[in-house]
Each structure stands twice: as structure tokens, then as C-alpha cells.
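In the two complexes below, chain A is the common chain; its partner is chain B in one and chain C in the other.
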Partner chain A sequence: MRKRIVAIARKEFLHIIHDVRSLVIIFAMPVLMLILFGYALNLEIQNINLSVFDFSRTPASRKLVNQFAASKYFSIRYEKGTPSTIDSLFLSKEARAALIIDKNFARDFRNAPTTTVQLLVDAADPNAASFIKNYCNGVIGRFNDTHSTTFPLPFEIKQRIWYNPDMKSAYFFVPGLIALILIMISALLTSITITREKEMGTMEQILVSPVQPNEIIIGKVLPYILLAFLDGMLILLLGIFIFDVPFEGSSLLLILLSIIFLMTALSFGLMISTIVSTQQVAMMLSLSATLLPTVMLSGFIFPINSMPVILQYLSYLVPAKYYITIIRGVMLKGNTLWQLIFPAMFLLILTAVMLRNALHRFNLNLEK
Partner chain B sequence: MKTDQIAVQTEDLTRRFGKFTAVKSATVTVMEGEIFGFLGANGAGKTTMIRMLCGLLKPSSGRATVSGFDVYRQSEQIKQNIGYMSQKFSLYDDLTISENIEFYGGIYNLPVETILRRKENLLQELGLQSEAEKLTRELPLGYKQRLALGCALLHDPPILFLDEPTSGVDPKARRSFWNLIYLTSQKGKTIFVTTHFMDEAEYCHRLSIMRDGEIIALGPPAKLKETHKKSSMQEVFISIVNGELPA
Partner chain C sequence: MRQIYYLIRKEFKQIFRTREMVAIIFGMPMIQMIILGFTITNEVKNVHLIIGDRDNSRISREIVRSFKNTDRFTVIAYETDINRISENIQEWNAQMALVIPLHFGRDLERHQTPEIQILMDGLDGNTAGVALGYAQAIMQRIARTLQVPEPVIASSSVVVEERMWYNMNLDNAQYMIPGIVVVLLTIISMMLSAMSLVKEKEIGTLEQLMVSPLKRYQLLFGKIIPFLILTFIELGLVMTFARLIFAINISGSLLLLGFLSFLYLFTTLGLGVFVSAITGTQQEAMFISWFFMVFMLLMSGFFIPIENMPPLLQHITYLNPMRYILAIIRDITQKGAGLRFLLTDAVPMTIYGIIIFFLAVVNFHKRTA
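Right after this comes the complex of A and B.
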């Protein structure tokens, strides 16, 4: 039995290395995705154009503006006109926020218990607007801290942000991207390799030989486990070295759990190959059935907790959801196996169900 | 080279797909060393018949043995004892000739030394020694087909099933393919072949003609021509398929 599996795995391996073009795509596509996501998927906003209407024109007001200028988020432009021009500034996108400092600012800042400045934000993109608002609050808070002449605040909150102190987006998406690439590549490759044999008629030639269905499947899937694993490692290393993503936990644990996830992805690919009969349909189905749910429903980008309840339930069926919990936990927090036992169990259950279904359908197709 | 041993025997073998009956109670006996032809129009049930005998398809009813093994219960033993080649040449175009041969040796569990020895013999027979490391897609169709036959025979099975092995090949290549089949038969192998080329039918030791899933004529080509008073198999076939009774 071992020899026949080896014969099939060897043949599959030869298919892979003879097809240099696909091999390049298999390794180049994830790298390209990593770089695209890495530089484009940045949730921080920088260089916000801030228009300043300073009617106070005092050292105090300039200090406030300088405080804004000193943060990397804003680029300041002094406006000479009246605040009535703000509308056109927003419309022409010359400014995304405007700060209006009243002419009594310096006096009130010294004497009155409170003083106000007005902040206007372009909320055509509400997410960006709330970021801008938060940045402004931060700047103003720091200004109050250092320059307030009145007594200090009765208490203050000292924030410490754990696991990702600089709030870098790369920490968040590199692990997610590894999940996406692993499931996409493995499901795609397995579903194609089996439908290709069906389409070419070579499957029949194998089935008249004494090879057992499970030997065919194991033999065919083995080289792809290796390939997808190498792909995952490549992304992991690039993430660590290009985007400085930390690796706190045990690499052995991550490898073990990654292999479980690979099995889930491969079983999914197998299941697809038992349903469809052409390579083209297999490709479309495996891409759309892995890419969309993984991007939308796994917590890769959007937090699952803020989804409608029905989508939250649906997300339990998305294997990447568990793996993202696992890989973020191991890489960023240094989680142990016991802390990740639930997602790991769920992955095993999903794998078992899909594999059983795939094998059952595979045998059924033979008897037809 | 016929002997008096039975290679394949079927009795009332039937296969239905839903309401459609692809093969209706087929009863044939094929002796060891015989070249047995299955003739019929497209969809007459030839391929279904072969697929049942190869263990690719379970019969709906009836009995059949291949090399003495029962098709229902002993399909594993049958698989070790048969070679199969279908109309689509079952070679991998993107693998080299040598890799294709080694793969077929591998899935039949042959020892590595046996595979390498038989590969050398096969390459020599086909005159392809210097092409062994070329991709199979570069081979002309006639060569591919003979290579596919060689792969199907690599594990030295006593019975060989050929499902329209020559479709899409030019007459010259067909001729040389049939020479190969004769050679194989002389080595004592039983050959079960489906075709719709009438000139090929003449080469068979015995023929059965199928129409709508039923075997409607059976016998050596000369005998069939005599009974139907026709000079070629072509005419015999047309008269039988059109439902004319022997004159």
C-alpha cells in the first residue's frame, strides 16, 4: 500500500515541477498579496490636511497649532479667509478637517475655567472621520497636560496597549493573510488536481489498477501539503522580516496547528473535486468559496463581534476563523496549546466532517 | 494462440442507468488467447460492457467472471489480472515517457528493478530509447497509443481490455497497432477489444455485434459473413444493425 501511495505522490510531484509557470504563480501570488496588503491595507491615516483659522494670533494659539504639526498625522495649512470657506475646502478635498481658534482663546485659556476651539471634520468617510476626531482629542489632551495653568486633573488614565503597542496594522493582517493564502492555495490545488484526472480520463486508468480510493487521495494530497506549507512559511518569514511582525509563541505549536488547518483546507478542496467535474468549475468554486468567507467572515479584517447575529453564526463554518485566532494568538500573544484547544478542536471537527463527506462521495462516484 | 481455458465469462449480464438499459442480458464466453471484438454503433453498450468487466461499474444483474474471479466480490483480484486502455490515451502529457512508464509500474506495486527492466524493454520495442526523457506530448499520436498499450501491459496481465483503442489514429498507425495486438495475443494473452472500424473487426478471432444493449450476433468473422451471405464485415454489420435476418 505504501508503494502505491509513493507512486502517486511522486507522479503528482512531477506534475508540479514540470509546470514551472504554475509553480511561479503559487509562490509569487502570495508574496504579491502580502506586499499589496502590507502597504495598501493600512488602517492608520496620516498626513491629514488640517486647515487652521487662527483668529487669536497669540503665542498660546500658535503653541496649540504646533502641537498638531508635531504629530505625524496632520499637515497644517493656515487659512486667511473666514470659516465660510470651509465648505468649499472640504468639497475640493483641500482639507479633511478644520480647526477654528476664537479670538479670545489666549485670554480665556489663562483665566476662564474652560475655553473652546471648534473642530470640523469631513465625515464623508465616517471611519476616517472618527480616526481624525480621536487624533485631535489626543493632541488637545496633550496640550492641556503641558500648558494648562489651572490645577491638574483629579486623576488621569494611563493607557498601555498590549501585544501591539504601536497599533501597527501589519501585526493584524500578516497572520490573517497566512490563513487566507494557505486555505486558498490548498483548496485550489487539490480540487484542480483531482478534476484534471477526471477531465483527462486518466482517473479511469488509475481506478482499473489495484490502487484504493484512499491511496489515490493520500498520494495526491501529500505533495500539496508540502507545497502549501512552504508557501505559508514564506509569508510568515516575509511578514517577520519585512513588516517586523513579532513571534512570541512556540513555532512548533504553530507548525502543528498549521498542519491541522492545511488538512481542513485540503479536505475542502477534495470535497469540491467530488462535486464538480471540470477544472474550470473547480477553480472558480474553490476560489470563491475560500476567498470571500475568509476575507469577510473570519475576523481577518472585520471584527466578528460587530456583525449581525446570523453572520456571526455563519462564521463558525469558516475554517480560517479558527486559524486566525490560533495564529494571532501564537504570534502576537504567545498563547499555549491549552489556550487554543477550542479553535484547534473545531478545525479537527470540520476536517473530519468534510473528509468523510469527500471520501463518501468519491466512492459513490465510482459505483455509478 | 487459443487454449481451452476460459478467460472471461458472462451470463445474462445487465446494466441499467435509471430506466435506460445500457446492456441487456449479455452472455459471452471468451477463451484464453483469443482476440474478441465488440462491435456496435456509438451508444450500443460496448463501453458499459467493458467497464463492468474491469470493475469500474457494478452490474445491475447477471453473472460474470474475469480470469476466474467474480466481478461482484473479487474486483481487487481482477484488477491485478487485467490491463486496460481506453479511447483517451491515458498518459500524462506533461510527464516524460520514462516517468509515465514508471508511474504505471508503481501503481501496480511492481518492484523497482522489475519496473526499470520492463521500461528498458518497452522503450526498446517502441524504438524510443533516446526519447525517454522527452515529454509525452511531443510524441506523435501513433507512438502515444503504442506507449499507452505498453503501459497497460507493464504488469504483465493475462487479460487486456481495449476500449476503442484506435479512434483518431491514421490507417497506417492503426495497422501497426493491430500488429502489436497480434503479437500480444501470440504471447497467450486474451484481448477484449471494442471498435467501430469494420476493417479491424476482420482481424478479430471472434466478434459480437451489439445493438441497443443486446448482443445480436456472435461468431468468427468468416462465419458471420457466410451466414449473412455478405463479402465484407461492413455489409454484415449494416444488415445486422438494420435488423435484416440472415438470408
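Right after this comes the complex of A and C.
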């Protein structure tokens, strides 16, 4: 039995090696992704182009505008025209927001309890728009503080931030990226292994040989476990060396749990492989089932607690969710196996279900 | 002409013969739209909080109540023991803890500035920052109620009246759907067309096509046109879904949207042909086009706004055709932009498209000659 598995694994391995370009991509892609994501992933916007329509033209209004100019978030441009030009300013992307100061500003500011200014925001990107709104309220708040009696807090707030005191985004994203890359590569790779044989008609040849179905599956998956594992190690080391992500926990534990996660990813690919009949479909399915759900529902960027409840439940089906907890836990919090027992168990259950399903379907296909 | 028609018919038969393919082509956009439309939000809610009130005075209870009454925080436990608190944070049960010291209320009355402690899991820096901001705002509000109200208002306070243009309710789906449209356009026109051409190579039917009286350009068009048609069907489908599920209307011209998408497809179909010319198996074709796609996607502004990137990366995005079409589709659907405002994106995109397509076709001819 061992011999036959080794033979199948060897064949699959040769197939991988033979295709140099794919191999290069499998290793180059994660590196590039890591570097790009590590540097580019920044959700905070700066240098918001703010057009100012100051119809008051008084020291008071200029003071307000200067408060905006002093903030690192805004770059100010005075406009001479009327607010009717705002639409074209937004359309040509010369401005992201516009501040309109009424001509009665100075008078109201002296006499009335509140003075209103108008802020128009290009809200096409709603996240950016709410950032802009918040920054703007911050600036106005500071402006008001300098003009009225301030309230000093009668007590102090002492903050202690653990695990990532400088709140660096790389600490957060690098472990998540490893999960994303591992699952995409492993699922993509395995999803086409069996479909390829089906499509090319070589499956019959394997089937008439004395190899057992289970041996085919195991033999086919083995080389990919190795490949994906090497890939994962590569990203991990790069993350540690390029982005200085700390490693608090046990590396042995991380390796063990990573192998479990790889098995989950590979059984997912395998399951797809046994269901579909052409490589095109396999690819589309594994791509659409791994890329978006992993980015969106795993807690990779967007916190799961903030999502609508239905999607929170849906996230339990996303294997990367567990692995992201595991890898962040081990690397940054120094979690022990006991503390990660739930995510690890869930991964094992998912793997068992998918693997069983894959084997079952594979056997069904054989009988046909 | 007739030959091309037959080839197109063959290709469509091949696509629609696989029932799974049909399911994916029509099902995928639906699922993606639902996931994307509902999840992406930088709003932070339900931060899991532990409260340790050691004082239990009137004022400390007031603070606890304010934290309980907001959906920004979910109080998961009351715990005063600092070791248990840190265990809970380490084990992912809580992200934040608020500890009010003993005699907090008494010290406050004696003006001794007592100290409230906030412990925060800083792993997710973004969430941590926002949550700390919320906490401070709550405390400030409470502090204000403690103050003796000042009878004289020194000067007027400025109030902002905001108006959100193009997306009044800050609805994320409106922003994300154009992105999905672009992803689907690219997947179908680039990845599927590349794989379809290579498939003929891999299973050996390309030779048969080559020895047939088909001219090479006929072969090429026969392979490209079906995916062009399929892409447009998909485009219509997504727009219809978007209207039905998310009530999104295209505020600009549908014709312009279609026309500029068509220009974009030169790039992706060109890349598809190029990939299929240099590869021999579907696996290779898939990996290479996947590589293109992931980078085009990452550098397009789909997940990460381009303005947020470091300047060097921002310059690199100008090389990315997807950047232009994404901006174009977003501007047309959300802002109703006319061609005048789209030229800065449309012109470079078209130039790229023509160059890539031309090079790909030349390359294809050379390789198959």
C-alpha cells in the first residue's frame, strides 16, 4: 500500500516540477502579495482635498479654515466660484469634500448660540466618506474648544494596549495573509488534480490499475501538502524578517496547527475536484469559494463582531477564520494549544466532513 | 464569417454543456454580491468588553451603564481580578477591559483625579483605535454631566451640517457592486478565454482546428467572441441583480457603461490570448492568469483605496488597466459621470487595450505558425 501511494505521489510531484512556470508563480506570488499588502494596506486616508467656499471672508471664518489646514488630513483649496461647481469638482476628482461658509458666519458666530457651516462629501466610497466626516467633526470640535470654556476630565484614563502597542497594521495583516495565501494555493492546486485526470481521460487508466481509491487520494494530496507547507514557511519567515512581526508562541505548535489547516484547505480542493468534471469549473469554483469569503468573512480585514448576525454565523464555515485566530494567537499572543483548542477542533471537524465527502463522491464516480 | 459563426456556436455548446459551469456563471455573481454588499464596513460594533467595577458607587455604575447602553460594546463579563481579565483577553474572549478602581467616586468628590484603566487588545490596530475613541467619548460625556454648568456661554459653537453626495445613506453595496462587475468581467474574459484556448491544445484538438480550412484570425475571433458575449450577458445579469437586491440604479448612461466596458475587454481578452499562446496546459494558463488577476485586483483600488497607498505604489497603479475601468464604472453608476469626466481614465485604458491586444494577436500568430 505504501509503495503505491509513493508511486502516485511521485507521479504527481513530477507533474508539478515539470510545470516550472506554475511553480515559480506558486512561490513568487505570495512574496509579492505579502510585500504589496504589507505596505499598501492602510485604511486611514490622508490628504483629503477639501474645497473651501468662504463667503464670509472674515477673520473668524479664516480662523476656522486654518484649523482645517493645520490638520494633517486635509489639503485646502479656496474656490472663487459658486457652490454649483461642486458637482464638477467631485466628478473630476479635484475635491473629495467641500466646506461652505455662509456670508453671515461672523455675525452668527458673535450673536447666535450655534453657527452652521455646510460640509458636502463625495460619498461614493462610503467608508472614506465617514472617515472624512469624523475628521471634520474632530477639527470643528477642536475649533470650538479653543473658543469656549473647556472641560478638563475630572479623572484620568490610563490606557494599556497589549500585544501590538504601536497598533502596527503589519502585525495584524501578515498572519492573516499567510492564511489567505495558504488556502488559495492549496485549494486551487488540488481542485484541478483529479478533474485533470477526468478531463484528459487518464482517470480510467489509473482506475484499471490495482491502486485503491484511498491511495489515489492520499498519494495525490501528499506532494501538495509539502508544497503548500514550504510556501507557508516562506511567507512566515518573510513576514518575520521584513515586517518584524514578533513570534511569541511555540513554533512547533504553529507548525502542527498549520498542517491541520493545510489538510482542511486540501480536502476542500479535493472535494471540489470530485464534484466537478472540467478544470475550468474547478478553477472558477475554488477561486470564488476561497478568495472572497476568506478576505471578507474570516476577520482578515473586517472584524467579525461588527458584521450582521447572519454573516457572523456564515463565518463559522470559513476555515480561514479559525486559522487566523490560531496564527495570530500563536505569533502575537503566545497562545498555547489549550487556549486554541476550539479553533483547532473546528478545523479538524471541517476537514473530516470534507474529506469524507470527497472520498464518498470519488467512490461513487468509480462505480459509474 | 460563416466559419466564425460555427466556431462560436461550438464554443457556446461546450460552455453550456457543463451544467456546473452554467450554475457557476449565474450563481457566482449573486453570492459574491451578497457577501460583499453586506460585509464591507469599517464601522466597529460589538467590541467584546469586560467590566471591572471595584468601586460600585453611583458614578461608577453610571459609567458601566453608559458602556452597556451602546451597541459599540458588548459586555461579556464582569470581572475585577486583573489576572482573569488578562486571561480572557489572551484567550480571545474579550478585546477590551474597563477597570474602575476602588474609592473612585469618593476620590472624585475630593478632586483627587482617580484613574480609570482601559486594557486593550491592540492586535487589530484599526479596531483598537476606534474602540478607544468610543470609550473616551463616553467618558467625556459623563465628565460633562459631573461639571457644574457654566452660566455664561463664551461664544457660539460651530455646527456642521453634512450632506453626503451620490450615496446619501452611506450604503456600501453601491460602492462594491461596480467592483464585482469588474472582477466578473475580468474573470470571464481573461481566465476563461485563456483556459478555453489552451484546452484545445491540451486535449489535442487544436491541431484539428489548425488543419481545418479555418483561417487563423477566424479561429481567434471564434474563440474570443463567445467570451465577449458571455461577459455582456454577465454584465446585464449583475446589473439586474444589483437593482433587485440592493435597489441600485445606474445614474449615468448604460450605453456609455457598455461601450467603455467593451474597450476594457480588449485588454483582458488580449491577456487571455497572450496567456494561452505561451502556455501548454490549463493549469499553467490558470496560474498565470490568476497571477495577473490578483495583482490587477489588489492594485485597482477595489479593496484598498489608491489614495491610501504609498506614493510609489500609487504610481505603479497607473500601469494597471483595471484601475481605470473600476473608476469608470464607479463614476458612471454612482455619480452619473459623462464621458467628459471619464476621459482621463478612458484614454489610457483604451491605449493599453489596443497595445496589449495587438501584441497578443501577433504573438499568437507567431506561436501557432
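The rule is short, and it goes like this: the second predicted complex is superposed on the first by the 256 of 368 C-alpha atoms of A that agree within 3 Å, B and C clash if a C-alpha of one lies under 4 Å from a C-alpha of the other, contacts with A are read in each partner's own complex, and residues count from 1 in each chain.
The rule we apply is simple: a residue touches a chain if its C-beta (ideal position, glycine included) is under 8 Å from a C-beta of that chain, and two chains touch if they have at least 3 such contacts.
Quick caveat, the model's predicted, so the values are computed rather than measured.
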Touched partner set for A:Lys333, first chain B, second chain C, both or neither: second
Chain B versus chain C as contact partner of A:Arg4, first or second or both or neither: first
Touching partner for A:Ile76 - first (chain B), second (chain C), both, neither: neither
Chain B versus chain C as contact partner of A:Met307, first or second or both or neither: second
Partner chain(s) touched by A:Leu14 [first = chain B, second = chain C, both, neither]: first
First, second, both or neither for A:Leu292, with chain B first and chain C second: second
Partner chain in contact with A:Phe143 - chain B first, chain C second, else both or neither: second
Chain B versus chain C as contact partner of A:Thr202, first or second or both or neither: first
Contacts of A:Pro126 with chain B and chain C, given as first, second, both or neither: second
Chain B or chain C, by number of chain A residues touched: C
Residues of chain A contacting chain B in one complex and chain C in the other: 19, 200
Touch list for chain A against partner chain B, complex: 3-4, 6-8, 10-11, 14-15, 18-19, 200-202, 204-211, 366-368
For the chain C and chain A complex, residues of the former touching the latter: 18, 20-21, 24, 28, 31-32, 35-36, 38-48, 74, 86, 89-92, 104, 108, 111, 113-129, 132, 135-136, 139-140, 143-144, 146-147, 150, 153-168, 170-172, 174-175, 187, 191-192, 195-196, 199, 202-203, 279, 281-284, 286-288, 290-291, 294-295, 298-299, 303-305, 307-310, 313, 330-331, 334-335, 337, 341
Chain A - residues contacting chain C, complex: 19, 21-22, 25-26, 29, 32-33, 36-37, 39-47, 64, 86-88, 90-92, 108-131, 133, 136-137, 140, 143-144, 147-149, 151, 153-169, 171-172, 188, 192, 196, 199-200, 275-281, 283-285, 287-288, 292-293, 295-297, 301-303, 305-308, 311, 325, 328-329, 332-335, 339
Contact set on chain B toward chain A in their complex: 54-58, 76, 79-80, 82, 84-86, 88, 90-92, 94-95, 99, 102-109, 135, 161
